[in-house]
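As written, the chain order gives the labels A, B, C and D, with residue 1 at the start of each chain.
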Amino acid sequence: MTIANLSGVVPPVIVPLNEDRTFDRASYEVHVERLIASGVHGLFILGSSGEVAFSTRERRQEILEATMSIVNGRLPVIAGVVDMQTERVLEHVRDAEAAGVDALVATAPFYALGGMEVVEAHFRAIAAATDLPLFAYDIPVCVNVKLPVDLLMKLGTEGVIAGVKDSSGDDVSFRWLAQANEDAGHPLRLFTGHEVVVDGAYLSSADGSVPGLGNVDPDAYVRQWDAFQRGDWNGVRAEQDRLARLMHIVTVTSGVSGFGAGIGGFKTALQLLNVIKTNQMPLPVARIEGDNVEAVRSVLESVKLL
Amino acid sequence: MTIANLSGVVPPVIVPLNEDRTFDRASYEVHVERLIASGVHGLFILGSSGEVAFSTRERRQEILEATMSIVNGRLPVIAGVVDMQTERVLEHVRDAEAAGVDALVATAPFYALGGMEVVEAHFRAIAAATDLPLFAYDIPVCVNVKLPVDLLMKLGTEGVIAGVKDSSGDDVSFRWLAQANEDAGHPLRLFTGHEVVVDGAYLSSADGSVPGLGNVDPDAYVRQWDAFQRGDWNGVRAEQDRLARLMHIVTVTSGVSGFGAGIGGFKTALQLLNVIKTNQMPLPVARIEGDNVEAVRSVLESVKLL
Amino acid sequence: MTIANLSGVVPPVIVPLNEDRTFDRASYEVHVERLIASGVHGLFILGSSGEVAFSTRERRQEILEATMSIVNGRLPVIAGVVDMQTERVLEHVRDAEAAGVDALVATAPFYALGGMEVVEAHFRAIAAATDLPLFAYDIPVCVNVKLPVDLLMKLGTEGVIAGVKDSSGDDVSFRWLAQANEDAGHPLRLFTGHEVVVDGAYLSSADGSVPGLGNVDPDAYVRQWDAFQRGDWNGVRAEQDRLARLMHIVTVTSGVSGFGAGIGGFKTALQLLNVIKTNQMPLPVARIEGDNVEAVRSVLESVKLL
Amino acid sequence: MTIANLSGVVPPVIVPLNEDRTFDRASYEVHVERLIASGVHGLFILGSSGEVAFSTRERRQEILEATMSIVNGRLPVIAGVVDMQTERVLEHVRDAEAAGVDALVATAPFYALGGMEVVEAHFRAIAAATDLPLFAYDIPVCVNVKLPVDLLMKLGTEGVIAGVKDSSGDDVSFRWLAQANEDAGHPLRLFTGHEVVVDGAYLSSADGSVPGLGNVDPDAYVRQWDAFQRGDWNGVRAEQDRLARLMHIVTVTSGVSGFGAGIGGFKTALQLLNVIKTNQMPLPVARIEGDNVEAVRSVLESVKLL
């Protein structure tokens, strides 16, 4: 499978840390091998779940190198080059190219805003600086901009972007994007990031999903994809219902929120599943501890993952 | 069918106006009869689409009386009692009861906010003042409050509310609400208001839909519901894809927005379909005119409604 | 003083309730007489502080009639005609006219939104329906629309509106509005609703203030105005510093928020000051009780009001 | 003057670029010397106006080194270390320390959010890693978090932060912060970033201002500060009124917005004033051109800067 026809489940890989918050490469390898073994169709590294916002350039390079070395061509690897504005993104583009990734993912520029022309110029500048396929990452909760269907289709039909990772939560817009994409000959590969309603995105003709929860239960997302491929909608739905219950690992905790509850919940589950050694979080986020760990465990047990 | 087991398609009925902005009862009757003939399972009047925010108490009474007279018991009628705060809502409750509706729909209080305890007290005060079943209308875009799953389930299991009309656009929350509702023995009837992704809501086990676009093409939503009932997901999806295209009647216009583009688009379509006499809008909203009418016509033609 | 040259302190009068939530006219009279005795320059009734969102048409009429009877021409009375959309506002306009008020205050339409053309049409429709001067109430936190300087100046120079009550919290916009107003020959009377930074608004050449906290300590706002009139900026500032401390009656409570903490704090202070009989709040808002009352008392004592 | 008693005007220095978007050090020197000659009391580099979001680590180092070399101890230099999360900020801390700056400025973490405990941990982690005084930069429009008074005072009294640069636009909160700071013995140096209402912040007892517009007319802000120091409030106000008019250089342009209109307006003014060579903007922002330049020129002429 190449980026040009990429489809299926592409989990946004989380980053295990040692107690001292250095990169736990050993656990990372176990985790990535588990993902590959599950049959996922690609890996998205250095996304929001992949601690891109917390990672220095050096840390990003560690993750890039480890991933490419472990994967060794078995799957396409898409790398986030997320940063505030263009020049900083371009630095990450060069690093990702040097590491040999298969495609890039960039958000709209953030921190300083300036209208949709500026967003468009940003994607054009990135695309002009690389030969790699570029995905637009639509994540308004982080960058305060929703990428409109018209802009995405314009960039897609002109070959500026190769696809979209949609984490907007706007399923109406996603449906319309999918239809516009179909009408234009499918220039864009469309992936949803909403792990709780992937089934709805498949009804909307998504090319695949980028489920954060896929770090915890990749098998289920692969089974769901296979059911979709064979037209078994009851299967698609049943897997989703179970995964929606599993997703409560990010809501059962108290006293943590946002990234700490979300990625913290994933890491805690993976530690309980003996995939990674610790659920340590990057500064300034607190790890999940005590009763909150037990709460996560109960959710895992409720869906028979533990 | 009673409210206690209400399911299926319950369109939020729009309100045709004469040129002078009085209530066009004749067109309303044609419109309601067309809806009933299509096989919809209930009617939701005085919702956001039903101009509740624009209607004086007298106008609301006109709509209530016309509806009950036309429907004459053939279908359950659910009436919005939307207003800013409790006492004003209670006035509408008494009017709706007097008209003989089957159930009520209220939003969270708005304009002045005050925390979730206040929202809960609002629904409890309304329920205490009526014997009619009460639906909670979750529409944060209008009232700046998202009704949380926990509150809805608490109110549902205690019998304060009988159901939810979800126009939140938060499909993750809706999935979790549906699962919590199932776990609790299904105390709530759950309807989605998102006409572009009703298929996703059916995957999430919605009891039905309240699609504004159902004013324009009720047959399609009924066909979609029937497909859902017989497990024909490809049928559900195909109807949705067509309806998503039809929904562009609210996006193809320029120079209008929000209610003017949305309900204005529905009314314009209904005028073009010869269901209602004018596409007149309530003050202060401008009606759709000129090229915008032609744009709506093109969309209708593209899906063979015209 | 007439509306055309209205300036000074115009408190937004709160509404005392009996225990059973009926209108406590006796306390209202004591409260209004206390305001008048302090030397305030006008009264703004049925504003956000004046429970306009909670009041049925009948309650609004009670408040209108009581106010006009008590004031009896001693001061200009400006009445809020706040409601969701135009026709409902026009009903209140007729009631306010019948009661004999001196001017009206309307917000942008809310609940259903539709762009700035719709907002403009709303103000034009109201002005066309009355001979009374109309103030625009800029309160985005309640109506989700910020009234832009350009629109306000257009409406002002054309005589559609006579003034602005600014509760936007956007002091930059207010400064620019004041300058544009001055350049246009001062067609608009400009009042700030931000009781904690009235001194800054006076630096920006406001024509006066509409301080909710003026219900509790009208004398201080009048002293501040007098200091402003004689150019005593240190006096203006000193009064503001004390009033900013007094304003903590709305922040020292816990478990209440928004309207309940704000107007609840004002009512509790007025009850402690023996101006009104109860601090009862309208449904669905809980009154302030227990330790929270003592917390309000401590603030009053700290600034020597008690 | 040291950081511990820093007060007065501390402009956030903009960054002139060459046509090819490299750093125009020559123009920067002219610009910084002009600022110093005006009598400003400190310089804030690498703030939002200082293109921190657009600058790679190398660019930041260029700016740090150029500034320290040009200033050469004549004024305190405060450097932004703005980045998404802690580890990335710490990298900038080390670079700023190496360059010899006098103090640091950090925002709340952004892109990934997680509650106020996480924000607190972020500031504590930064402070623990440096001996330099740390300012908290309150800029919710960029980072989606408003720093609450309680947290700032806690961090201030414990010596974690030395001051606050307030760009929140929340003047009520600023007043309360100033009072709480005074009550606690003034542990924090408080600066406002709102160049259009600095006079109001001085009424609220700000220790100074960080006005972006001070890049264009530093003399006026220094005159305003001097008027404040001698209690000449009419002088403070008159300077502010003129500066509010000058600030329209960021609003008279069309087709640009946000950073492009704001910093673009400042750069265009400085080019017209012959301070810097070009008004070039960093990628992906378009520079101001054509009629927009003339519009900026007209504003400069209207206040006699040209």
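Everything that follows uses one rule, which is that a contact is a pair of C-beta atoms (placed from the backbone, for glycine too) under 8 Å apart; a residue touches a chain by one contact, two chains touch by 3 or more.
Remember, predicted model here, so these are calculated numbers, not experimental data.
Q: In terms of contact pairs by residue number, which of B-C, C-D or A-D shares over half with A-B?
A: Repeat of the A-B interface: C-D.
Q: In angstrom, rounded to a whole number, how far apart do the mean CA points of subunit A and subunit D lie?
A: Going by mean C-alpha positions, subunit A sits 35 Å from subunit D.
Q: Whole-Å distance, subunit A centre to subunit C centre, using C-alpha means?
A: About 49 Å, centre to centre.
Q: Can you pull out the residues of subunit C that are in contact with at least two other chains?
A: Where subunit C is concerned, no single residue meets two or more other chains.
Q: Should the pattern of chain-chain touching be classed as line, ring, star, complete or other?
A: Shape = ring; chains linked end to end, path closes on itself.
Q: Write out the stretch or stretches of subunit D touching subunit A in their complex.
A: By the definition above, subunit D touches subunit A via 48, 53-57, 59, 82, 84-88, 91, 109-115, 117-119, 121-122, 124-125, 142-144, 255-261, 282-286.
Q: Show which residues of subunit D lie in contact with subunit C when the two form their complex.
A: That would be residues 169-172, 175-176, 179, 194, 196-197, 199-201, 203-204, 231, 233-234, 236-237, 240-241, 244-245, 248 of subunit D.
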